[in-house]
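Both complexes below contain chain A, partnered by chain B and then by chain C.
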Partner chain A sequence: MVIAHLARRAALFALPLVLFLVMGSLIPHFLDVSNLLNVVRQSSIIGICAVGMTYVIIIKGIDLSLAGLLAFCPMISGMLMLAGVGTVPAIAAGLAAGIGMGLFNGLMVATLAVPAFITTLVVGQIASGLALIVNGGRSIGAFPAGFVFIGNGTLLGIPLSDLILICFLALGFFIQRKTALGNHINALGGHESVLRQEGISASRLQFFVFGFSGFCAAVSGLLLSAQMDTVHPTQGDAYQLDAIAACIIGGVDLAGGRGSIPMAVMGALIIGGLRNALDLLGVHPFIQNIFIGSVIILIVFLGGVVRRRNELATRGTL
Partner chain B sequence: MRKLFKTLLGVSLCSVVAVCAPTPKSHTIAFSLKTVTNDDFQKAIATSIQASVEKAGDKFLLVTAGEQTAVSTQVNQLEDLIAKHVDAIILNPMDGKAVVPVLRKAKAAGIPVIVVDSSVEKGNEALYLSYVGTDNFNAGVEAGKRMVKELGGKGNVLVVRGANGSLAGDNRVDGFKKGIAGSHLTIVGEQPGNWTNSVSMQVTENMLQANKQVQGLFSASDVMLDGILQAIGDANRQGIRILAVDGSNKAVDLVQAGTIVGTMAQFPAKMGKIAVDTLIGVLNGSKKQAGIPKVIDSGTMVYDKTNIAEARKYAF
Partner chain C sequence: MAKGAKRPFGAVPGRMAAWIGRHVSFFIFAVLAVLATLCVRNFAARDNLVIILKQSAIPAVACIGMTMVLMTGGIDLSLGYIVGLASIIAGILAKTLLLPVPEVVLAVLLVGALIGLANGLITQYLRVPAFIATLGSGYVIYGLAQIVSQGSIVNRLPKGFLAIGRTDVLGLPSAVFIAAGVALGFHILISRAIFGRQLRAFGFSPKAAALSGVPTARINVLVYAISGTLAALAGLLFTIRVNAAQPNMGGGVFTFEVVTAAIVGGTSLFGGIGSVAGSILGVLSIKIIENCINLLGVSYHLYLAVQGAIILVAIIVGNLTHHRA
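Moving on, here comes the complex of A and B:
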């Protein structure tokens, strides 16, 4: 009985692993170390967004301001850097913008009970518009070498982007599993009554969750611009849905209350890995979208099937 | 259930690989661009490149980002092309700045690059062999001068730009502004049409709404004309003199019908052929890298009612 249960859980991990090995054996250069490090680097943008998004989904919200923040925050930092402001203060300004807009979302949700869908959508639109306005719709680039190094440099052979992703993964995991804050966030999504009993303010949690998501979006946007050495005013559009998809693939429950950050990052890596494999095969982006969409549905379906079986098995032993 | 899934996956992956398996011992030349969907001009370049590459016995890879504005997708695709170890890359960048870091990686990997149509940001000439394209700035200047002539030196003009970040589009508009400088023409509206009809229609509608007196309109490309003309028709405005850039068959039809004044021709087929010939020369050693000019002008001219026959010869 225990072995069957373990086998079921192993299957959830085995699936992506099998996918990975099949792709590796069929596609030349997929398993090159430089290519794999690149996959992580390309996925890091979605991955960092997914870390913040996981909490938002756990508390039964959604963050649709990602696209706007991914463009607006680096646009602020970029313009400051080009105006001669130092790299570190410029980055800090961009991060502050992201946190600020995230906190605004939290404010709307916590105090005015505006649905997260609406407030984040609106904030995202405003951010997108601002990103276009502040520089007349043009992209900016040619940033100081230090900034570009963050996106393209390596430490001991590993791209900095990968290391930053790992830091966020660790941070998210730590908060979720090892702190009271993490417990409370999970509770807010699943068992709000527990919070009320303990006298913990739901609003403060909402502030934190949305502010943190804004922070993650700002970091992702800055990282993307560091990688491209450019801030393009619409650069965030492609990533918003991918971040949500990454969370879903990672098993974050859209109904709230349940989700694991490492699994969401795994979801981001799966998406990045699939796109890379299909690029190496020369598949057209439109077909890539169909393929990735199908894989997402398949993984979610199988995840659901395994979960149902676990639930029924548990109930059966009562 | 799981076994079935694995089999299905294996079969589908195998069929995808079988379709795309490369032939050994010939060069693989990849063309990275935004899209060929709804874009006759890009399609013309791609067709010409494919023909020249295959004629030389090499393999052609078409890598489109799928949209007119998917900047980071193109960068990712270029990184993946480098991972794939292609022999050479022809690049039409959506954003002349965003591709600079990845071009550095291509150079480090020893992959020669030729840029076509839209240029890379100034100062990075060492990162590619050559830029083959229309002198977009000059095309804009000629269009501007022609607009001054059409409007008798004064009037209100609208400008529909290309997508943000596209140096080809920016250069054309900058040239246009230079061409009308010194006259009494005023640009009363300027918006990006993103190289698509849906966006160009929207921005033209808005600009017409905001400006009741408009005598001329400059579109950075023929591809946006359908949307622009639709907006003008919907707003019931007559007599707006329109100039565009590209020289496509669609535009020549419109010139013939008198709907637009003229279009600045580009020669995409020539662009593609020059790019491929240069690359193959470098790959098989017959051309010295040092001897290749940094900028190769593929030429431009005005197509208007007076030279339709000649236009038809080159229009795509």
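Moving on, here comes the complex of A and C:
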């Protein structure tokens, strides 16, 4: 078991390395520092979402509201900024919208036991609809320089987007590994009965997890708009599948209870790198989507096979 | 109603709530119809009612398949993308390759059935949760549709092909009667045949159903195959209505509309509960809302958000009446 675990870890780290080296040998300039930083910058959108999504999947849920939130939250902030509100309060409003919608997801899951994939699908649809309504389906752009700097500026030569991703990676990792909250979240996905015996409220954890995922989606959406200096009302659609794929490639278990934030972010980098390489090779995004859709199904299937074998093995030894 | 049955009878408000809960789709439909007639000008005009029926026919066909999938406790998120793939394939076969009409119809339905079958096999035998399997396959299907179409739209389709859904019968296009026929067939299948009983038993409790000798694997695969076939039929009718075959037809928005209709129609998200009649009422209800939004001249985008709101109301009402008390 331990060896298998270590082998899995090693494989997950070696895979992207090999992948990047292969792509580097195939594509000129792929391994240039500037392109790699660019890959991280593009992956930051998926990566930040994947941090929140990991918690949601750990508690056996899924967050399908990302596509809507990635457009709706920056749309709120963008409209406010163009209306003359300061950058900071405008960003705060967008973040609040994301957290609010995430908490609503949590409310539906915690109090009405609605399956996560339904409530998040619905909330995502409402958010998409609102993103279209508030500005009549048009994009907005030309934001204050301070906001655009967040997406395109650098600090000591490193893009701010990369630093924000690292912050979320650290925050997510810290909560999961170093706090009681993180322990409880892991327990909620894996050993719910233990949690109940300890008298810990599952619904409060669900509120936190979905609220946090909404927060991550809002940050990610704002960052995306800052990078492009535009908010398009359907800009989120392309990123939802990638965020889920990042978690799944990073070994987050859809059956709940297991998942590591750094691995999910690694998954995001793999997806980002892959898309970047395929773009450079001139492979159409539709074909990329076919590939990513198939990979998701394949990995979930293989994960299930491994899990059932492990369960059989432990039952055998007992 | 699995849990509701245990509840002691006698308290009148509880019984009322349960009764309303069983017929929630009818109440939503009736309230919307009355409100629309009273508040929206020209809603009750004969022409407008015909338009609502025309527009309901296509999602109604797809919604029947989705209802059956939801009754097993699963979901088919690839449904809208099958519509797009069916559309472009129908267009290419009918216009570019000039195949005879029956062959086009058969080929398109077969494609839908095969995709649905693949969804079913993936959820049943590879044990991938339905929402992930169909989310993934949805992207694959969408990509395939784009590749098949080469990014172009096939329009001005042959007359013989258009006649399937456009022939005038008693003042209504034949598509409405096709939808009604499909609905009647599946209504009998679900409410009168053994298959329907087995489907509900499986939805309530797969384990208990398997122990009672219900062929659970076969049912679970079959519902996705049916959903895929009906999605392809919906794509065919959609293509005929707009006289253009395009890969972007349907999509996530259509899937969501169909899920909304099924849930407004009283289908339980927890499996086991659902009916064709309820789902048809659900489709009519949301199409009434869409129609009013059009008549009132409000932004069409509002329809998306309102659908989300109404699905939430339906979930909450359904939850209160089915699972609480």
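Here is the rule we go by: the second predicted complex is superposed on the first by the 278 of 318 C-alpha atoms of A that agree within 3 Å, B and C clash if a C-alpha of one lies under 4 Å from a C-alpha of the other, contacts with A are read in each partner's own complex, and residues count from 1 in each chain.
One rule holds in what follows: contacts are C-beta pairs under 8 Å (C-beta built on N, C-alpha and C of every residue); 3 or more make two chains touch, one makes a residue touch a chain.
All figures in this text were calculated on a predicted structure; none of them were measured in a lab.
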Which of chain B and chain C A:D32 touches, first, second, both or neither: first
Chain B versus chain C as contact partner of A:P115, first or second or both or neither: second
Touched partner set for A:F286, first chain B, second chain C, both or neither: both
Partner, of chain C and chain B, that touches more residues belonging to chain A: B
First, second, both or neither for A:V300, with chain B first and chain C second: second
Partner chain(s) touched by A:G137 [first = chain B, second = chain C, both, neither]: both
Partner chain in contact with A:I166 - chain B first, chain C second, else both or neither: neither
First (chain B), second (chain C), both or neither touched by A:A92: neither
Contact residues common to both interfaces of chain A (with chain B and with chain C): 132, 137, 237, 284, 286, 289
For the chain A and chain B complex, residues of the former touching the latter: 11, 15, 18-19, 22-23, 26-29, 32, 34-35, 38, 42, 45, 132, 137-142, 148, 151-152, 224, 227-230, 232-235, 237-238, 275-276, 279-286, 289, 298, 302, 305
Chain B to chain A touching residues, read off their complex: 1-2, 5-6, 9-10, 13-14, 16-17, 20, 61, 63-67, 69-73, 75-77, 79-81, 83-85, 95, 97-98, 100-101, 121, 123, 164-165, 170, 192
Sites on chain C touched by chain A in the complex: 75, 122, 126-129, 131-133, 135-140, 142-144, 146-147, 252, 256, 259, 263, 269-270, 299, 301-309, 311-312, 315-316, 319, 323
Partner chain C, residues of chain A touching it in the complex: 62, 64, 108, 112-115, 117-119, 121-123, 125-126, 128-130, 132-133, 136-137, 237, 241, 244, 254, 284, 286-287, 289-290, 292-294, 296-297, 300-301, 304, 308
